[in-house]
Amino acid sequence: MSAFLASGPNLGRGGVGAWLAGLSPRGKVLVLAGEVVVMLALWQLVVGVLGWINPVFFPPPSAIWQGFLELWSSGVLATNALVSLQAWLTGFAIAVGIGIPLGLLMGTSLPVDRVVGPIAWTIYATPTIAYQPLAKAWFGFGIGPVIFLVAISAVFPILLNVAAGMRTTNPSIIRAGTVFGAGRFQLYRSVYLPSTVPFLFAGLRQAVVLATIGMVVAELTGSAQGMGAVIIRAANTYQTDQAFAAIALVVVWSVGMTQVVTLVERWVAPWTRKARR
Amino acid sequence: SDPGAEAEPVDLADGEPGEAEDTAITVAIPFPDVTMYSMYVLGTDLGYYEEEGLTVEVITADNVTAAVASGSADIGVESTGTVIEAIRGGVDVDLVSGHYCRQNFDFAVQPDIDSVEDLDGTSIVLAGTPGDPAEFQRALVLSEQGWDLDGVNVEIVYPGPGSESWTEFFVNDRITLQPFYGDDRPALEEHDAKFPVEALRNWANDVMVAGSGYVQENPNTLVRFLRATLKAVDYMTAPAPGEFPDNVGEVLDIYEANDFDVDALRGSDSPWVLDGHLACQNLYFDTEAWDTTVETQSLEPIEFDSSQLVYLEKAQALLGLDNAGPEELPYP
Amino acid sequence: MTVTSATGTNRIVRPRRVVRSGEGRWAWLLVGVVAAVLLAWEAAVSWLQLVPAVFLPPPTEILAAFVRLLGEPEFWQAFAYSMGNLLIGLALAIVVGVVVGLAVGWSPVLRFTVAPFLWLLYSTPKVALAPLFILILGLGNESKIALVFLLAVFPIILNTMEGAVTVSPSLVNAGRVFGVNGVYLGWKVIFPATLPYSLSGIQRGAALGFTGEVLGEFLGGTGGLGHLLEFAAYQFMMAEAIAMVIVMVIIANLTLWLISALRRRLAPWYDDRRIVGAS
Amino acid sequence: MTTTIEPTEDEASAPSLISVRGLGVSYDVARTGEKLVAIEGVDLDVREGEFVTVLGPSGCGKTTFMNVIAGLVKPSAGKVLVAGEPVTGPGPDRAVVFQDYALLPWRTVFDNVRFGLEMQKGLKGSGWRDRVQEAVELVGLSGFEHAYPRELSGGMQQRVGLARAIVAEPRILLMDEPLGAVDALTREVMRAEIEKLIAATGKTVLFITHSIEEAILLGDRIVVFKSHPGAVKEVIETGLERPRSERSIQSDPRFLELRDHLWDALQGEATAAAVSK
Amino acid sequence: MTTTIEPTEDEASAPSLISVRGLGVSYDVARTGEKLVAIEGVDLDVREGEFVTVLGPSGCGKTTFMNVIAGLVKPSAGKVLVAGEPVTGPGPDRAVVFQDYALLPWRTVFDNVRFGLEMQKGLKGSGWRDRVQEAVELVGLSGFEHAYPRELSGGMQQRVGLARAIVAEPRILLMDEPLGAVDALTREVMRAEIEKLIAATGKTVLFITHSIEEAILLGDRIVVFKSHPGAVKEVIETGLERPRSERSIQSDPRFLELRDHLWDALQGEATAAAVSK
């Protein structure tokens, strides 16, 4: 996501581009907010006022807001969001718990890398949706298959990024570590792990998006609760405004969590912040 | 847009309908299944559609009303409650006829379940996906039969639209109660399941819809399509309620030729062998059926625009039928 | 006019392709591990009956289903159908993704106005928007192609963007100095410089595009592997369903392999270190 | 060591190929929104066929200065005339050799050199092939036509950059620290080669360097820049004979004198730059 | 220019701190499976407190040679003794300054310098804080303790590398082209600083460089390497007074003589290297 706000090749351009690039973080946020408002207004105009698309299938923002209020006041939102949240967090924690150690192991040991790597890539390349019927069959109903799908969606970006981070640790730094007397363990702690951190966070950011999509896919069928169930129930009863409100919330969650990951990264790994020059 | 407001009285000339405006018809069904949608296969195989100058293609659609509204399908078959909700929501579809005018409510429970109290603390299935209005009807019938779920602490789960998967969960003891259909029965019997509730209700199960615009532009097509479909329904249903259908052998041959597994149905002596008991030969639908659905599925009341049924009535008239409601059928 | 010319050995230092001698051994290890897992699976299901076979069929049954599948003409029809849509959708996604990615990556104004929405769209679970697709694009090939496109295009855009943002300014300056400008600059300098990034986005996009195809076929219609999978899942034929999944895995991996082969061909100058995704 | 070093006076009457008057460039600084004055009030005249070296500490605006002449950066004040015409953008009369070579990594040596030609003339005729080949030979790279840049050493890559610049026969060669990224030994070799090459082709050259020695060895005149803001501190005529053998010239008292002088001029600047770059 | 340059004979009797005998290193080449002989039959003795510069074209095995002494590479033939003990691995008596700095990007200047201490001693006592601070001051970086490497210029980063190397007070400093990556002007400044620093601390130094001038300016002795396979071509005693001002020394006839001699010795090698690296 950082690439969006990167200023790009600095070639002394002028005009709006330079102005935008020159904005302070707060200014950028303001401009973005402005854009969002314009976008919503356009949407409202096309669907709500001009009626170019049947609003049952594509409700205007005002209706979505209405749907959100309905969900909120009926208490449906709170209970279901809580269920989803629990599944998401559990699944993500499992993914992190498996992904990081296994990634580190892959980065350390060539045999593990050569065995786990291809298998991981294979599963990663397979559409998540393909696991959906299997997950339901294996884990039954409720939160089980959701956790499974969240975990399996999130684990590979973490795993593969951590492994890549370990493998691409600058050999020159490793040499420096060795020269200054670091033992195997110290080298691990002081050199490999810190240089893997940026990769880990890149993986976490990808994982957040994939985990959220996995969660919705899992909840869309099979479970009685959760945001996916809210979406499908609302869709089945043609309360599309509520369905879209639920989707919007999921998107907000996804984007919000990537931001959280970025914030944590800034805090844990201040050196990864873009150079000031 | 206000449903019903757009429907203008349609003038259908007396006598034979005119040439079909649209000769290739796409029928959307909600999920791949043979028995429920067999009349379209039969109509094609027996040449009824060809006689009307039509060809019919059956496709599946995740959301039938959307498929119809978008023009991907000309005709859609969808459960009545869903169609009512869609029309309420403002989807531009017209209800053109009934499809199955009755519903069977057959429930299996695990061998150790004797009464509704025994379900306490277990998982049960009432419908495949959340938001399926049939869930309320099933609960209603259950409570009418002495299995009122209101007082019991059960978890209602949704294993997906196909009843085969419900059965698999059932025989693997993941659920204690499920609705079932004829083709699920052998597996359930093998599992020693009990069938505490077997009932038939004269409630419209599902209906056919078409896009409002399509209806306006293709009156003759619609009449011709319905006439052929009526013939196909007649071919597969019994001459009178409760009797054994005449053409079972031929129908099963046609199913088989269309890649369906019919071994279990051959040699059956049940009058319900083709699920034909669920259909009315005249593809009945009217305001009463609408209101019953609204009531039994606990839907918000909404009025039915019966002018939508002119094509059905025309097709019925051409075949000498009237739009009579379903007769009482005693459960065997 | 002469310049002291090469007097030493005219040795071109070809990039090192790291093919370790142990590589073959690891392949065997991999085969061994996979075999062991399959064996344990077979044992757990068929012999020890720890898991009911309807839910998790043993590998032998899946293999049988797989072989059966390959023998059926319907399968190959479905295969052709799915691949056709996939290729069209991917082609569109590649063209649009690369062009949009370049434009957005290159222009700060676009990056600012368009990119956040791209990100939002990327994060949106497309599954949830299914009815919208049916409504707008119907159940023919269009909705499937659209879903392939929609799922594949974002990784391509995001990666291309990342590439375009990181194009060395001095390459751009070199282009300008030698008279390359405007669209030409994009075509002659920025596009090739970004190509390795785009290709790695395309790789991910292709795998995701396949998800889109399956998703589109779940939505409705009559053809395709997703349709077959849905059918198998409806009948609760797990062995068949898993066999279908294996077909998908094979296709996904073949696509990955094909594109990395393509990358080696199209971008031989590019040293094959992994570019970690932009997102 | 009695000869004093007098900053050269540009004779206004001499026909100058490049003429810079009151040149100033300021950049918008993204973060703060302020303007950073990179260079200010720069005057310079370069005669046809002259080899001018530009010496100055890091960040003093040498690259900016050169970019204005190349037409890559628009001045905020003053004007630049090349052959009497104001500079409005890059043109075929000026070619640039970059410090980081800026070769297109996806093109072979031959195609990279061709790049210098293809945009301008469109490669219509058939003669271009010979011209490219000639340029490749001129820089001593025959036999490497089909190598990719990353298969070459730094020195070889810079030769490609040189060939690309001269192939279109520009009147002016702008070289921005062309030897900054090659190792010292290669650098010492290439200096001599560049001198010979330029002498043979008779081009007008503006050559930026950090190295005092290089500035003296190559330049007819040395322009010394100072920082904050970047400006011309002094201009010195080297007055050394050509061809200059690196070995013989270093015992030349004039060389030593220049060296001492420049060292003094830059000592402060360089120390400051090393610590606060 | 009458003084002839005689390669120095290592007196076998002098107590040498580093003693290299018949050293050979060969690498396994991945692609072909063959062995590449990087260096062969290298003999060298370095006395305590001596500053030895190693000069040679690219790829001749200088880094390999230094890595053996650092204990990073195992010799395939011959032996290396440091203070009479055979080298078996890196040790606190030898510290390395790397060309690419090899700083840990996630550590501040202070923590990077501390790294030189912590691996070996574990930072038990309380004195280490002062020692680190002292080293930071010694290289002139006070005030930058909390900066991250990416916030520093190349020259400053190399100062950090230097501080990290000297903080643990090794007997031997191994420097692999420490100034290869900084700009020429900074380089000229830093050369003098390094000389002063080393003189003050009295360390034994092995200093690899590509630059003839640097080799002469800094070295007590210059070891010239040749390629294919890497081996010592000759060893020259500079015999120049210390402290050496860069400015005065360049008029010293001995300097010029050495320069010419080395130039001749390396000309062929360098040309070859520039084209075939």
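Assorted remarks:
In this document, chain identifiers A, B, C, D and E correspond to the written order of the chains, with residue numbering beginning at 1 in each.
Throughout what follows, a contact is a pair of C-beta atoms (placed from the backbone, for glycine too) under 8 Å apart; a residue touches a chain by one contact, two chains touch by 3 or more.
What you see is a predicted model; the values in this text were computed from it and never measured.
Taking the CA centroid of chain E as reference, the farthest chain centroid is that of B.
Ranked by C-beta contact pairs, the top interface belongs to chains A-C.
Centre-to-centre separation between chain A and chain D, using Cα means, comes to 48 Å.
If you average the CA atoms of chain B and of chain E, the two centres end up 87 Å from each other. In terms of their C-alpha centroids, the spacing between chain B and chain C amounts to 41 Å.
Multi-chain contact residues, meaning those touching two or more other chains, occur in chain E at positions 271, 273-277.
Multi-chain contact residues, meaning those touching two or more other chains, occur in chain A at positions 7, 11, 18, 21, 54, 57, 133, 137, 235, 240. For chain C, the set of residues that touch two or more other chains comprises 4, 6, 10, 13, 54-55, 131, 135-136, 168, 173, 218, 233. Of all the residues in chain E, the ones that touch chain D in their complex are 57-58, 140, 152-156, 177, 180, 183-186, 188-190, 209-214, 246-247, 250-251, 256, 259-260, 263, 266-267, 270-271, 273-277.
Against chain B, in their complex, chain C makes its touches with residues 52, 54-55, 130-131, 134-140, 143, 218-222, 227, 230-231, 233-236. Those residues of chain B that touch chain A in the complex are listed here as 63, 66, 69, 82, 85-86, 88-92, 123, 129-133, 155-160, 168-169, 174. If you check the complex, the residues on chain B that touch chain C are 28, 31-33, 57-63, 66-67, 69-73, 160-162, 164-165, 167-168, 172.
Those residues of chain E lying in contact with chain A across their complex are 70-72, 90-92, 94-96, 98, 100, 102-107, 115-116, 119-120, 148-151, 164, 168.
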